[in-house]
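For reference, the structures are reproduced in the following blocks.
In the two assemblies presented below, chain A is common to both, partnered first by chain B and then by chain C.
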Partner chain A sequence: MTMTSQPTWSPVALSNVIDPSTSTGALVDGAELVVWRDSSGKAHVWEDRCPHRGMRMSFGFVRGDHLACLYHGWQYDTAGQCRHIPAHPQLEVPQTIRMQTFAAAERNGIIWAGATADADPTLLPAEIAGLVPVRSLYADCTAAKALKGLAATPLPISADAPTVEAITENYISLTAGPIRLLVAIQALGKEKIALHLMANEGAPVAALARYAQALRLTLETAPAEAA
Partner chain B sequence: MAEVAFVFSGDLAQASFRGFALHRAQRLDLRIDFGAASDRFFDVTVVGDEALIDMFEMACSLGPYDCIIHDVTRRDIASASTN
Partner chain C sequence: MSALTLYNYELDENSYRVRLLLSMLGIEHEIYSVNMLPGREEKSPALLALNPCGTLPFIKQDDAVIFGAEAILAHLARNHDAAGKWLPIDGPDFSATMMWLGFCAGPLQAAIKAREVAVFAVGGHLERLKADARAAFRIMDDHMTLRQIEGHEWFAADYPTIADLALIPSFALSRDFNIDHEEFPALRLWLRRFRRLPGFITMPGIPDYH
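Then we have the complex of A and B:
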């Protein structure tokens, strides 16, 4: 499985919502992924499927620097290599039993998944200092419609449409007065997206969260041609 | 290393079962040799770690979605202790 139809790097979660030693599921253009942190806090992104019986690894448990499948407890190290099969504790697990892995990186408060295991880190968005998380939200619309809606909707404490800067094809900056809102757009599937929002320190986070909620209603109710 | 011959019998889609068995063997780092096959049975021999051969048997006894395995005959050609 590859995510070659997607940008080189796709946002999959706000960094602050995934604690060390936990895992969660994510979608990128229909591809099911597990996003997990080992006990040291390092993030990993793999195909969400145990090679053994196909169980979702996002249902699994983190054991130190291993992710263990919920079903039969097969454990995989941070490189995706199976290291332990509880039913055969003496078995030297062959190198062929391994997860499909994708590159993972954290930048600007967001966990990004590479389209391949060796995605080029120089293609990540440039670092922006002093950001705080706002929220993630999900909307039933296309990324193009979301971009138009974001560009047309005034930010809190501003009456005018924001200044829009495209940082990458799925990452934009909206500025209005003292507020700078960074929006990473995750394509989940056909007309399904997630928006991951970060803002500059001092920005009214609660108001921005309410703005995002209202924006979602607009995106999901407005006809496509009107957005 | 052990070597085991299997005959999986049931309602089989030959190409589907062959692909499934090959994929599982590769995943489990087993050498696999295909023997005779029909829509009623499939004959394969695998070589590798005994525990992994057991896993192969279990996987193939479930089979791909379009095959129904009714019976599995297993014949140990060489066991780990004799190699």
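Then we have the complex of A and C:
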């Protein structure tokens, strides 16, 4: 693996914050993606750019099982194929007008984007039952600094640093007493990350959300200690 | 009693705050269109005689003028909402509503100013304003994240108040000054919820999903 390789699967959002028939933007290593759910609730991840004029599709809206561009209303089906051009309603849209799509999966309460359209689903983290959402935390720091901060910061109702277990390269588990916190790390760009947090059922979710809020302050203010 | 007149500029965010509540409460009114750009009519002697601050929006009914978006929202809610929900006047809901209304007049001003600099090309330090606006949105997102965990859908009460209404426009218009919504998942859900309320209207910069 080279230094620049990105993980096969990157977390892009908590599953519970994207309702059916809605879309949002997401960055993965500087690449702009649109994450959207069709009316049946199935998640899709595409390049965030309309082939027509380059408008961001995440500004658009979902119509049935089509994602429509806000600019001129071009509509794309769930396979990314353009199906409707309002200015030319009679036109049989050429097969060449299509989105760049990526694989999308939901696992452990998180929407994951594949690095390619055929990303291997067996490389997703193993299923963990009984998790509840805490929050996503966006912070201006590197993933390395976030990992250091997570490992050093006690979880709520515990005085000691948590036990850290790496599940995949961008997914870790923190355990302290009765609390287990699963952290999926999304690298947005240079010194920009998101931590998508899920916890075991029964964990104090509000306290964990406050813990995350305080952690952001640490990650963004304290410079890394020189060794 | 003469009709209520709103002194309004279509692209002005604070004028939109008042238009929004007028629409949601279904209040009959007249509009006086102020030539804010490029005319700066709000600073003309005739309008300064009505509102000495030289700001928009303000409302006039008979001889009474009320300026300041937050005060106008409170005034309209107090006098035109029979259910007394948009401005709850008792208990903790009142306090929370006033606190977030104050937040709109305080930290959130950075977002309003950032948009003015970006859209109207008036003077100002855009990058500093954007950083302050992002900080304000984070405070709002953190608050709504906890509200959601505690089972609440709105900023100050179990129903929408003028606090929600006052805060919504800056977030809805943030793309005007290049702050995207992806970092604020709880605010995205809240905005979608608010858009579905009866009487919601948009303004230029807030997409109307045709």
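The definition used in the following text is that the second predicted complex is superposed on the first by the 219 of 227 C-alpha atoms of A that agree within 3 Å, B and C clash if a C-alpha of one lies under 4 Å from a C-alpha of the other, contacts with A are read in each partner's own complex, and residues count from 1 in each chain.
Definition applied: a contact is a pair of C-beta atoms (placed from the backbone, for glycine too) under 8 Å apart; a residue touches a chain by one contact, two chains touch by 3 or more.
Values in this document were obtained by computation on a predicted structure and should not be read as measured data.
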Three-chain arrangement built on chain A, chain B and chain C clash or fit: fit
Partner chain(s) touched by A:P51 [first = chain B, second = chain C, both, neither]: first
Contacts of A:T96 with chain B and chain C, given as first, second, both or neither: first
Partner chain(s) touched by A:S136 [first = chain B, second = chain C, both, neither]: second
First, second, both or neither for A:H88, with chain B first and chain C second: first
Chain B versus chain C as contact partner of A:Y71, first or second or both or neither: neither
Partner touching more residues of chain A, whether chain B or chain C: C
Shortest span in Å between Cα atoms of chain B and of chain C, once chain A is used as the common reference: 21
Contacting residues of chain C [partner chain A, same complex]: 142, 145-146, 149-150, 175, 180-183, 185-186, 188-189, 192, 207, 209-210
Contacting residues of chain A [partner chain B, same complex]: 51, 85, 88, 91-92, 94-97
Chain C-facing residues of chain A, complex: 13-14, 17, 19, 22, 24-27, 58-59, 61, 70, 73, 135-136, 138, 194, 205-206, 209-210, 213
Chain B to chain A touching residues, read off their complex: 26-29, 49, 51-52
